[in-house]
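Paired with subunit B in one complex and with subunit C in the other, subunit A is shared by the two complexes that follow.
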Partner chain A sequence: MRNLTFKQISSGIGVLILLILFPLVFQKPFPQHVMILVFMFGMMAVAWNIMGGYAGMFSFGQVAFFGIGAYTSSFLLITYHINPWLGLVVGGLIAALVAAAIGYPCSNLRGHYFAIASIAFGEIVRTHFNNWKLVGAAEGMTLPMLEESFRNFMFHSSKLPYYYIMLAFLIISLVVCYIVATSKMGYYFRAIKESHDVAKVLGINVVWYRLIAIMISAFLTAMAGTFYAQYVLYLDPESVLILPISIQIVLISMLGGAGSIMGPVIGAAILMPVSEITRVMLGHKGTGIDMIIYGALITLISVYQPKGVWGLFSNIGKRAK
Partner chain B sequence: MTDQLVQQIVNGLLIGFIYSLIAIGLTLIWGVMNIVNFAHGDFLMLGMFTSFWLYTLYGVDPLFSIPVCTVLLFILGLLIYRFIVSKVMKGPMLAQLVVTFGISIFLANLAVFLWTPDFRLIEKPLLHGTWDIGDIKLSVPKFVSTIGSVIVSLFVFLFLKRTKTGKAILATEMDREAALLMGINTERINSISFALGSALVGIAGAFLSTYYYIYPQVGGTFGLIAFCVVALGGFGSIEGAFIAGIIVGLAQTLGGFFIDPAYKYAIVFLIYLITVWIRPQGLLGW
Partner chain C sequence: MKKTPFLEVNGVTKRFGGLFANDNIDFTVEEREIVSIIGPNGAGKSTLFNCVTGFYHPNSGKISFLGEDITGYRADKICKMGVARTFQIVQIISDMTVLENAVTGALLRFNKIQPAVEKAEEVLTFTGLIEKKGLLVTQITIADKKKLEVSMALATQPRLLMLDESMAGLTRVELRGMIDLIKKVRDKGITLVVVEHVMEAVMEISDRVIVLNSGRKIMEGSPQEVVVNREVIQAYLGEKYNVVSS
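On to the complex of A and B.
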């Protein structure tokens, strides 16, 4: 696990080149938009995976960190004209602090209890932002139109820069995940996932390492939040703080394969195009058909492919050897 | 001020007993199978719609559609357990958590598709109006629903403590393998518990439909509150769920009264978080 093989490195570079060329071949906005969503949700799923897949904390409240990231940078930009790149860092830090504040009291919770606590946390954050006048309450906030530049993190004429920025973010999160997974910390996380008590007996500071996992995850998720705000230039609680986003993140990780580095990205690459295309084709009348399909898909995946497609690939690989 | 306060306490109790009934169904499933049924709120929604359509199409009052709701939801529970839930029970825990989310999204949007997302109300149920006791207003349908919920909860309690099947359910909850060794068919107990839990929430739906708005997403909030009630009361504890339902009902109305009505659910969630922080096993859990 520690050393990548030549084959892995070369196939990784190959995929990266294809992804860099993709928007130059497909120049229409829709495929580029779908790919941006793949990267964005891929990044959040990678972040989820650090705490869920490795450390065994199944969070259904990731949307709170996403929202905190989006709200912090936007609020700083609108009120104090602070550069969104700085806002991104501040948002990440605030999300990590909030994560620590909520993670500490939850440090004894496992399994279902943790999952429900994370939903409760997400709903509290949503309710609060829905009533918080300072950040526009239920009406939300519209970001000012600034001059198009990398420095301003704002582009109006093309989606291309957003595409590359989000791809870079995804790669950053993968590198973080790789470092975590292959370090001593990664082994601690897995020990905690297997059994709290055994990990404690082995001398691992369970509370501390669980907090680290949550904080890393929160920081990365908040980065995606800031990106989303800069990309859409509008945010309200209904678009960045609702439970379905959290569920989507968990589902992507599970579909791809929780506990593997690339799994969540594979999951996003499968699920996001499917959900976007069904939404565009069937969702326009508000009949709910797209969501019916989505719900059925979740159920089918859980029943028939609960270990994720990544497990499927590696099984085939092992058999071939 | 005191009158208003008493009124809020009455309102809290009125909604609290319904929460208890919903949560008892959930805790039964959770306790026996260690499955969190995130579609529980949507079962409630189906119960409400069953009652609504029986009223609208055939003029059957919600009070008399309770048996129909019970049977329909019992069957639905059996089917969902048999064809979906039982299949993920041996799978990874993440799949067990996610699968019922899938069912929830499916059912809620099926309702949108079939019946549109509109808010509906049963306009002239048999029970309507309010009783005035001093300055306190007591809504008749809410009061009757509350009494009904208490009676049903009591029946569930007696069923579990007095009948053979009930005792088998409790035994499975305590120790699945020991129950299996004692000759209890735990697979059968699973399906009975799941179906019974669904039937209970169907009854709650029929009661709620006498005064509450009926719409496809109604299950969301009720479902989330039911989780807090269950975890507050203690995993798998029927008595715990009953008491916690009342606490949550009171917390919601009193919190809304003293702090801000917009935050009434947030207060419930906060109480949940504080409880599991101090006492992770819940009030009456072990």
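On to the complex of A and C.
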């Protein structure tokens, strides 16, 4: 893995400045909301990419970690008045522990078998929360309205602080992904993705490195979950634990380009606005046109550019040289 | 007192259901030897390899490396102890470059990337692949892939290297290259155990040859002894074949 070039760093800083200025130019709530979703799903796709794109574990159960993050911080806040920032860390740790507990018995599952197990895991968690009285079961939980402040992780008058917090979260997840991808771990994950045999023969403890990948991914996904709970201030299993969220995370990553650092963010930047805008403009007619456009886009890209949009960019870059 | 052997395989049996893929096999390997394991298809050569390298766990018997009982150890742990291997069907990482593949192997002994890259380049220079280090592995020939697999194994800095049919399917020129490489590896002080069908190579490189048939060891000796042995010829060519003594 190469180190970052000057061109990459400067264009990264350029994009960052544009993103910082964005809400100052587009002051209406809707564009800001769409961008927040782009960042949030971008972050979850980056987290998925660490285990799916690099380590080859195609998880369709990411929503469980998202839900665990959302539920943990909210439960701690409602029941014990624990600060959501602390709840965020606890939620991440619990998600990572659950990930390890479920990942260990799945150590030898590869490819579609792992995918199937992950779907089952997500559904088990959803069913469980649907019936768990302590956390509100199917009725869900409403977060208390606290005074708006950064400390309380709650803002009522504007989406702007949420926008910047989520942007910061996304950047954190990208930094984590960059560190993973360029370190020994990244090489080992890619070896494991290729085959468990080739990994073992190079002295790689496959079980251990897979668990690390799952735990990092779970922690980051749970962070996004806590954010979501603080942003919406209401959660129930049908909004934070349903399979379509997991699928969307996978689609975003695949569309943008699994196995590259920026790919999943690109995927989110394309898919989330398409899904939100078509939903708002066409969804209320009940014709499902929004889903058709969405589906057609995914089909086109997977047929013509299996390496994702990022693959398209890097091909052009190579040709330019 | 008897010196502890470098590698000792003692009464190893591996069953798959009712089939004895390895039946009570004994042999030892001394340091800096090249030992070849030959035998017809289905003789149990690859199974034996898998037992020694931890990919299978034998049903009974004992395997010791440098005096330590490694029976039942995980494959990655055996690799860390200094036993590297290649596969009959080449196993390399297909979305990496030649160099990145070798670096992945070298990272076993390093935590930082930079020293691993240096080690990987050193190994690729040794195996003659350094000029192709920037190529994706999908762009190189099968002979180079086999060499790369050996390079990855060498990058883990083994004391024992086990090659599973690394010469099958090579052209004569490529075969020459691989034989020379194996000799060079031995000259570096690395012990080799090879499974091989190409007899020309076996005759040239081996210090000792072990012959397996139907899961049993039927013979062990120098290459010259093995090729004239009646039982060995029968194993390969059938019982009706008569050896015309010269």
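Everything that follows uses one rule, which is that the second predicted complex is superposed on the first by the 315 of 321 C-alpha atoms of A that agree within 3 Å, B and C clash if a C-alpha of one lies under 4 Å from a C-alpha of the other, contacts with A are read in each partner's own complex, and residues count from 1 in each chain.
Note that contacts are C-beta pairs under 8 Å (C-beta built on N, C-alpha and C of every residue); 3 or more make two chains touch, one makes a residue touch a chain.
Values in this document were obtained by computation on a predicted structure and should not be read as measured data.
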Partner chain in contact with A:Tyr188 - subunit B first, subunit C second, else both or neither: second
Touched partner set for A:Met254, first subunit B, second subunit C, both or neither: first
First, second, both or neither for A:Leu202, with subunit B first and subunit C second: second
When both partners are placed on the shared chain, which of subunit B and subunit C touches more of subunit A: B
Which superposed partner A:Ser158 touches (first subunit B, second subunit C, both, neither): neither
Which of subunit B and subunit C A:Gln27 touches, first, second, both or neither: neither
Complex contact set, residues of subunit A against subunit C: 1, 182-184, 187-188, 190-191, 194-195, 197-206, 259
Interface residues, subunit B side, partner subunit A - complex: 30, 34, 36, 84, 87-88, 91-99, 101-113, 117, 216, 220, 224, 227-228, 231, 235, 260, 262-263, 265-266, 269-270, 272-274, 276-277, 280
Interfacial residue positions of subunit A with respect to subunit B in the complex: 52, 58, 60, 102, 105-106, 108-109, 111-113, 115-117, 119-121, 123-124, 127-128, 130-131, 243-244, 247, 250-251, 254, 258, 286-289, 291-292, 294-303, 306-307
For the subunit C and subunit A complex, residues of the former touching the latter: 53-55, 74-76, 79-80, 84-87, 91-96, 100, 103-105, 107-108, 110-113, 116, 152-153, 156
